[in-house]
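First chain A sits with chain B, and in the next complex the same chain sits with chain C.
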Partner chain A sequence: MPETTFLIQTLVSGVGTGFIYGLIGIGFCVIYNASGIVNFAQGVFVMLGGMITHALLTRAGLPLPLAALVAVVAVALIGVVIERAVVRPLWRRNATMFVMILATLAAQIVIERLTLLAAGDQPKTLPGFSDAAPLRIGGIAIGVQLLWIAGVSLLLVGALALFFARTRTGRAMRACAINREAAALMGIPVARMLGFSFALSAGLGAVAGILITPTQYTAFNVGVPFAISGFIAAILGGFGSALGAFAGGIMLGVAQALAIVLFGAGFKNVAALSILLLFLLARPAGLFGKAH
Partner chain B sequence: MAPVLSVEGLSARYGSVEALHPADLALGHGELVAVLGPNGAGKSTLLRAIMGLTPGSGRVRFEGTELPRDDPRAVTMRGVVLVPEGRGIFGPMTVRENLDLGAYLLPGRGGEFAARLEQVFALFPRLKDRQSQLAGSLSGGEQQMLAIGRALMAAPRLLLLDEPSLGLAPRLAAEILETLGRLNRAGLAILLVEQRAPLALKLARRAYLLAVGRIVAEVTPDQIASPHDLARYYFAA
Partner chain C sequence: MTSPATTSPPSGRARLAPALLWAAGAALVAYAFVAGGYLVTVLGFAALYAIFVTGLNFFMGYTGQVSFGQNAFAAIGGYTSAVLTTAYNWPVFAAMPLGIGAAALLALAIGYPTLRLRGHYLAMATLALGMIVQEIAVQWDRVTMGYTGIAAIPPLGAFGRELPNERAQLAALLAALALAVWVASRLKHSRLGHALAAIAGSEDAARALGIDVARYKLIAFVVAAVYAAFAGSMFAHFVGFVSPEVFGLHMVVLGFTMLYVGGIGTVYGPLVGALIISLLPETFRGFKEFQDLAYGAALIVILIYAPKGLASLARLWTRRGAAPDAAAAATAGTSRGDAGAAR
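So, the complex of A and B:
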């Protein structure tokens, strides 16, 4: 049995990873709410966030904050391109969910392969956002990058909540999610809202990718595992609830961390999929979702 | 002067089924015209086709200019606003948020917005008291008031209503229709689809009768003295 300090240390790092899963899960929800589409290209946004920042940092010599900002904007634009080129034509002809999932998966693979050609197959990492020593509470060390992850994630979740509650565009996106036809009858540009949801979701994914890369690494093929974790987070949260996805992400991160400590690294994915099955069987509406 | 609304040979189909056979109708300035008919006659399809929500062919002119056939947003922007069947309110949002979205096309939240909001609250004082309540928690009558109020926030020059009395108690239905009468007397042109013919005929100057997807007659209220008169037209179709 691991000692308590080690267990708490593990939980802390699980929460950190969980924030990232939560952000990716919210990305899934933002698009799903605006359109009913499950976008399986979500993982490429995370991968591109880290990869583009790395390229701008090492090849163009931009300082990290500027490189990160440019990367987020670039990935948001790539999100819009995917929406225009792949999703909107299918959406207009009322393609089924199955077709949409296949199409976005195909987009994911295309972008992944293009990244491989452009940047090679070697893993890359980013420096930590600040050099300060880890925060020590009792015997627990909390890395500064984890504080950055927590701070930025919470800030983004708060900003998103305000955006959807207070702004004209945020409300219009919620209206599209509730009743697309009624929204169009109010004069809301429903298709433009879909494009906006892809930009927002891609930007969120990029931020998640930039935040996590200093603690791990990034490579052309990290997108799919991140997308799966974000997807599970969104399901745990009741698919559609942004707050639920965030909480689901934290739950998933903690469950994976505990599984690694208690049973070994090989059980990371077993834990993730077990918790998914458990929710699908016992609470399909998720943490905050209403049963339907 | 061109009529407010002029519909020529408008048809609509769901897949291979022609739900509305080519229909002609017109609505003058400040007129309230009813469209009556039994269930499944094609009344909602007619309104949906005018708005461009249901594919079909034919021409729809508003104030002399042709409306697009496949862009409901553009139709709304021109001043033709539909209160849809089933009300289409945003249930998980508050009453106020619903009303705000009604004025989506209005830039800013200045004087004009405030004036429209005041107008809606004057017509439906209950909405003012329930501004922060979730729209889905309102009673059926209040939801219909909200649906109409939200449409008015868009400052329509022609209001289309799809069975506003559906599912309401008779007294409440009469109250809603009386409000529509007041709006019409203030100059708003209204095309009212209703199944409760007696209520609609109290307000309308003319009515089109629809049966099995066709306009079968154009009548004035004095031609419909009893439900038998309506049945006669429907069965003749």
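So, the complex of A and C:
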């Protein structure tokens, strides 16, 4: 039954993309939990992850694993820079949510344009992490990059779960999510947690960008669609729950894959955005979440 | 429903700066008409954006709502004009109203459910709206020509005659802008405008006064969409070219930058902001990428270092406190504009 095979094939690749959306969604949650801020510049981390790795690979001649590692660290640092330069001055002054959104959106544009100046407007891609033949189960081919995506994503989610449950910093961040004032009174450096959440979130975004780039392409302007997909994932998961965001990402990926089957590949972002609108209207608290 | 603050005239200090700006603007326009050349194009852009930002101001400044997706309506206006006049040989003055009508209908259909959302959700939903329309412009290439865009759009004109040159086009744009600002100012001081100001001050209080909050918000959204579509359509005919890039996210950020520089919530703020911001990056002339970079950076700087102006916006956004003090907002807005220009 070629029809069924095709459908399963599509779903498999949808799950793969979904992992990526999940990681980006977790990035939204990490910052939101630590500070109550929704960082609209989240997409640049994804874009920069792929772009910086590409630059290190082609211009500096680094091997891929090293290039990826350096890129993740660099993007985490850029996350801290955004936090220090844009977010913290506004946060200190208790700027309104709208101002924060606008400022992070402006930061998105600035970084996009800087990337455009530095790297040009041509789409770039990365080689697969390993060039083994795709895994074949029945008539379904699972690309090796997809396995990389699944493996790294699950590993990261597990590591994050441990981090938030076991480490001092992770617990402090959870305390901030529950009640920032109380956390501050308990001696938790809330402002430092904000910086840390940006670094963590940016690193996650960069990993997502590096993982997905070999299967698609990256360019200076891929950030916003990724950010919106990640935001949808976070909303599906009830905004704030990292695991929920991850599950939401997978659901979005699958829904998008189905939309591609139905309407063609060109409209995948339109499909994702329409899902966002429908969800916002029907169930703004997400699939699992309670009303805010 | 009429609060004294919204109707009291601005103080003397608040009048001086605008008077100077008016004189400078008038001199600039006069010089452009005499000298012609590139300045005409720059002022044309300023006028287009002033119309767009006036609409944005209507929804945000007057009503205290937020939309990051106004580029969607500009794109609908621009593309409707472009497609109908090039592929179907429609006259400009038939295509333009159709584009504006389409945008208004979409605003009505989308706004009805979406405007119930608040905060991040409303922000992201409107952002998504802008992205959806832009994606459709890219993907529906049989009609929109995809990334290539549509070129050779006929210039403004009526009754089978095109306006002869850029100066005449600029004159038409300025007339359109004058009309747009006049309508906005009339609306602001109408029953509708007072209702919107009440909503901006406090939705609950407005509701208690018997204002149908959802309906008025929707009206404001549609008005903003009509302005955006009007600007988008005029853009298509003035520049002669549209592409998905033209109506991208940078258009929204640029609009906000102008709104902040000029003074949010004021009738003439969009004019001032559009003029200053259009003139500033002419030093970077020829470097499109630098322009967007400059707009974005300028917006961040204004947001961080102009807390006085933000205070008035904070009141609008949180919808708390008493009726919005429009006069104070105007003062803060213009002084903020000067500060922004000086940097």
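Keep this in mind: the second predicted complex is superposed on the first by the 280 of 292 C-alpha atoms of A that agree within 3 Å, B and C clash if a C-alpha of one lies under 4 Å from a C-alpha of the other, contacts with A are read in each partner's own complex, and residues count from 1 in each chain.
By definition in this document, a contact is a pair of C-beta atoms (placed from the backbone, for glycine too) under 8 Å apart; a residue touches a chain by one contact, two chains touch by 3 or more.
Predicted model, so just to flag it, every value in this text is computed and none were measured.
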Which of chain B and chain C A:Val86 touches, first, second, both or neither: second
Chain B versus chain C as contact partner of A:Gly187, first or second or both or neither: first
Which of chain B and chain C A:Tyr21 touches, first, second, both or neither: neither
First, second, both or neither for A:Phe196, with chain B first and chain C second: neither
Touched partner set for A:Arg174, first chain B, second chain C, both or neither: first
Partner chain in contact with A:Phe226 - chain B first, chain C second, else both or neither: neither
Contacts of A:Val38 with chain B and chain C, given as first, second, both or neither: second
Touched partner set for A:Thr96, first chain B, second chain C, both or neither: second
Dominant contact partner of chain A by residue count, chain C or chain B: C
Residues of chain A contacting chain B in one complex and chain C in the other: none
Residues of chain B that touch chain A when the two form their complex: 51, 53, 72-73, 76-77, 81-82, 84, 88-93, 97, 100-102, 104-105, 150, 154
Complex contacts: residues of chain C adjacent to chain A: 66, 68, 110, 113-114, 116-117, 119-121, 123-125, 127-129, 131-132, 135-136, 138-139, 249-250, 252-253, 256-257, 289-290, 292-293, 295-297, 299-300, 303-304, 307, 310, 313-314, 317-318
Chain C partner contacts - residues on chain A that touch it in the complex: 38, 40, 85-86, 89-90, 93, 95-99, 101-103, 105-110, 113-114, 116-117, 224-225, 228, 231, 235, 266-267, 269-270, 273-274, 276-277, 280-281, 284
Chain A - residues contacting chain B, complex: 168, 171-172, 174-175, 178-179, 181-190
